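What follows are several structures.
Shared between the two complexes below is subunit A, which pairs with subunit B and subunit C, respectively.
Moving on, here comes the complex of A and B:
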């Protein structure tokens, strides 16, 4: 599953921090189905292209939308948060369940060190303040996939607070105009995942699989600094890349390792925030953006029609492209939070406060974890731009595709060609072929070494660039031939013999005297001569060299 | 901060309430309202079927409210008797699981290694409609 490349080549869009939504009205209170000419082509809410939203007329009130994201990321670990059962995606039902996960009486939670490290790493990567003391609580609610009747979470004092997530958004068409936005991270907490329910409506029953129950989750609560679907999507994508770079979570939305809920509300600028609705069941970044934009539109329409927004939970129906109320979550929930009596406070240390002679297995040193943090995507992109002189757009694309950066770096290692050439070939030609056949980088028939060899041939002017494209197409067929072999087989080498080339130019000029005459009057007619020479050489000569020779001959 | 924070603070905040009675009835006569009973019944799925049960609840609350006689200004609340203990950190190894057969023996009904539960959350009827039902 390839996430959409959000920034490259995006059309003229300008996202202000406050999302301004204008409505076409002659007067306030005009019915929705008015026959105003502006309304034509804008009636379908779900497909309304965002950048054609009309600016409000003078005196018309604007709307501001506010989106608060709650993200649950499944921690990548061998065993669960509080028990020693395995964490694995597909396994026979209830086979990865310990007595504690099934909440049999007499079992106790034992905290997994790896999960705490993952939480601290994520907190540090998002510039959070790590709480040296954090507490565990119970959050009570009844559902069949929560056998204990409560979830162990960190409600009062989570492990990390007050961070920020920076993401870039497109402003204007120029690639250099990449503005950075930040969304504040309110807190990061450790909590348990619940089991899976399979609803069997036919037999009026629910089948419960507890394999997922007890897996460690990182809940990231973001402040409502996001104001539209695209911003939310970009922020979540960046978070995905960060989690994957850290190794704390695989963060695949389709696999349920990254779950996002959006709290959406609208209000008039200057007035207090409106009632919010919670949108769930978002299982891809694209649907996240769609659902948020639909919900914003729905709320605006509802309020402009004099209706009210209910504080409810809605589900996104991706087939219809709209949000619908969820039946199961009626009424307010009282979670009756209480401290988890079986777990003492979680204490973390730094190098200064580390107790002497402490068992290294039993203490966690925040400074040590900070030193071991891998390079984050933002830093990687900056490095690529500095080191290879590529544009921000290119660096985004390189990081956006799984394994593409590694491929690029492998090619760079083995070739003499200029970075700009390599970038262009990898992002345009190579990626183009992959996308056309819907392949991942891993499945590519062309290896990094092969491409490096091809680029070397091109760089040494042994072949022309059109010949190189032909060679690439041959390589893609994966018949086991090297670029050099293909070149010699198809006789694609550039003519190196200068004298022979001069002879050819001379004979072409002799054969087409009228064209030679044309050139004297119209300099651009030289292109026709070049074309003729190229044909004579069976495309094995470099056009620039031909041009130089011809120009020399014509002027003499 | 914003609507969600307001909503969050309306939930029963941990440790914030100083006994149900003082918020419901300033006189402190210890009466529990019908709404409170309904709320508790939905949350805890118990059945306060009789007036005696409610009276017993009121007595229990009055008994525990005697804690207010203790002067606790400037004293840090104790959240856990384990607060001086060290939280043991387990290394990330797989040591449990693979006992599906044993676990499924506990269940009244199973379907192909899945536990069987009633469909979704069955909404409770309102208090004024009929007597509240105890869920098994």
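Moving on, here comes the complex of A and C:
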């Protein structure tokens, strides 16, 4: 959603909303042109995965791509990294701006404990070494939405280093095999987010919203261990799930809570790494994969045509499906890093190093945070597979949808039905309905309890599975009826009266002698008879029972 | 002690004078001494309203303490809510902060009366209080009986008006305000000597507390890692009262001490025989040191010795590098701190709107004076990737060596160091401006700067008048966070030297009817 750009409505806050005239937008602005006429027909190439790229010339090794990811995750916390301002998505512009956020002279940063804990927790979840001492630095550049003229970050000594992120994907014909890869985490650093610039080309002005300025970010720098868009997408998806499981970030890419930049280069194996480009403006996982694959193909093509790769920043144009160079600052930016003098070194402790008599409000104990780590997605999936005999890809699906796992577990808690049955109902029927109507799990009209009750009815053979589908459809209408009520109102109970069923089968056979004749030549024609009997029972009979009766009668 | 015979707070308590009367007297003196240019903003209405409230409290017997009803002044680089705060720069002309600096808030919470915001070198960059967009500050001693009489003795009497001397700086406005009796205490700031230097030249007590003892929140920074709010008063006891109120942890300044600080009460030392006074002769006895200061320094050492103190010569081998080291660290932090002044959020903005960059450039060119721009330029040079190791990192290492010099000296058993504060007494303005700001700052900070590098407490104590009739002060440097001990020794010394009271023309000519002779002049806050 577009943020409102008007100043009105917050007169006392107006000092923080400013107009910047002119053409300055080199840093994060939109790409210069909207066409990429310098690349004839290349966007179609990008649709193909890397391994189907054109065959190498004789004697030439294939190209290898090297992709490094830099990820900014907005820390989920009530207040900003260095000020008491509230953090809230889509609040009115400049309504969440403290004096510090607006860089009023004389204000000083005060570190938010919650953000430090989030960084430590994320570091631990990614197998990082947590630095017991880390430092803050100033990174300088002039930009209208960076009011202080510098960003406070951790340049020299970040809070966590040397970790790894394991990510898995299902492969094989039936998605039954799982492969796991690892990308190394170079470092995690705490830093401030910037404000937002809204460029109004019509009036040639820029509006600044400082609500985001100063929100805590985790910058995760990953080593270039990824070689294609798909891998990058899977790794980022796994990271997203981890952050959400930890509660350290909402990690929504569309909301800008998770921002990914990709450094892409290609080279021939055995040769030095190629010159890299940085691809920005990736606001979904799908685009991340697309942009990387496009950029790899573009670079290969460029090099094979005798061109060269420029060390530049490129933006992904999702409408055109290609990357385009961003108007870069003239020459290389020198950020003139300097230690932040207003923040003492950040010291962390573990149980062994905790000073005696330390005020627990004043110190952070790494071991305590480690104990509070929740189950990570990878472990959850393993548990699902082992505990419920679920397939790997089902376990992935359960975790991929927000709140779906909790829904599944709630159903499991309340039903006697088999886990496989529950899995199938949750992943096929329930999820199918949600997707069809584009609803989130928490918006579902069917509760876990209702589904559990329905599955119990099915399990006890009180209703047929087709009747169960009908009940589900009724439940979805959300008229406040329980499954049992629906079953009795719609008379969907299975016919338990064996004699009556025998009688029905008899009548159907007599009414359709041709079909009975067909069965003699083609045993599968019995299905037609079963269907006719079911129709006569208004689908209230168990087809297997009908089949048994019919078979007995046909053979006698 | 004669200097403490009259006590303002006692007089207020006993109803001999009301806060409003006191406030009005100071306001009247501010008007009479307007030519000193000590104040950028006089907050008459605020002060009178505060006085009225203070008066009510006194009437109800609910005084807030020693500072209730006491007129004070604040250097114009401390943020004051609803009151323009300019840093004496075009850049912040018209800027009205929405919040109070912690130190300002603390003084107001004690019932102090805010008389106004005082003049300074632009963004506190200078040592003369001559580089303000509002014009230079004149030293009240230029108009004292003591100075004028001695000038008359000169055979070739020059034009009186052009002979006025500088206050020193950068807290010259605060020093002039206290020195001219327009308030009883003033806040300055001290990054390289900016409180102690004008204190020395204006005959005042000037305290630079330990780094981290007093909150910097709301002090518009020069060098964050060295800035300290400074206190200017006429007597050590007064400075101790103010410091006691200001010291302690501030949740808004992460560099303040965590340990609770008790209010200061200075004992009256009678015996100094257990003290060890360090004299860093080798490093401080520079050729530029005037013979008058040199001799007073030596006399002071003798005084301690004759009273039984151990006086030892000590060495601070790296201290001579402090100015060049300071140049790198100061300009680097300045370059960074000044980056926020881009004309977008607050302060000056130029009319140029061709592009954001053009607007930044013109705004900053128009907003900052040459001194500030020069420091920004050098600082950015030192912070460039290719220079960072060679300049900034090296300077930080030198800073550590300097700090260690002090640690070593104090570890050897020295309680305080005794040094000159300035090379000489105040010089005439016309003399001073013959050299540029950079040269002057480098000269004038040499005895004071290293203290900021090491984060130590230091105080200037006025000692005597020069041949010209101008004040000369000496500096005591204490161990980190031993501010109370430092001031206790300084108080003893103050008592011994009996520094004379300024005999200001205005007080004698115009105010004699209002004030009993010299009474207000010698008033202190507390015995």
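Keep in mind that, in the parts below, the second predicted complex is superposed on the first by the 447 of 556 C-alpha atoms of A that agree within 3 Å, B and C clash if a C-alpha of one lies under 4 Å from a C-alpha of the other, contacts with A are read in each partner's own complex, and residues count from 1 in each chain.
Definition applied: a residue touches a chain if its C-beta (ideal position, glycine included) is under 8 Å from a C-beta of that chain, and two chains touch if they have at least 3 such contacts.
Since we're looking at a predicted model, the values are computed, not measured.
When the shared chain is aligned, subunit C comes close enough to touch A:108, but subunit B does not.
In the overlay built on the shared chain, the residue A:138 is in contact with subunit C alone; subunit B does not reach it. By the document's definition of touching, of the two partners only subunit C reaches A:150; subunit B does not. By the touch criterion defined above, A:343 reaches both subunit B and subunit C. In the superposition on chain A, contact is made by A:362 with both subunit B and subunit C.
Touch counts on subunit A: comparing subunit C and subunit B, the chain ahead is B. In the superposed model, A:208 makes contact with both subunit B and subunit C. Once chain A of one complex is fitted onto chain A of the other, the partner contacts of A:326 are absent, as it touches neither subunit B nor subunit C. When the two structures are aligned on the shared chain, A:311 is found in touch with subunit B, with no touch to subunit C.
Subunit A uses residues 99, 102, 104, 110-111, 140, 142, 144, 206, 208, 334, 336-338, 341-344, 362 to touch subunit B in one structure and subunit C in the other. Considering their complex, residues 78-79, 85, 87, 92, 95, 97-99, 101, 216-221, 223-225, 251-255, 258, 332-333, 335-336, 338-342, 344-346, 353-360, 380, 383-385, 388, 392 of subunit C touch subunit A. Residue ranges of subunit B in contact with subunit A, taken from their complex: 2-4, 7, 10-12, 14, 39, 43, 45, 79-100, 103-104, 106, 111-121, 123. Only residues 15-16, 18, 20-24, 99, 102-111, 138, 140, 142, 144, 147-150, 206, 208, 334, 336-338, 341-344, 362 of subunit A touch subunit C when the two sit together in their complex. Interface residues of subunit A, counted against subunit B in their complex, comprise 66, 68, 77-79, 83-86, 92-100, 102, 104, 110-116, 135, 137, 140, 142-144, 155-156, 197-201, 204-210, 224, 263, 265, 273-276, 311, 327-328, 330, 332-347, 361-362, 364.
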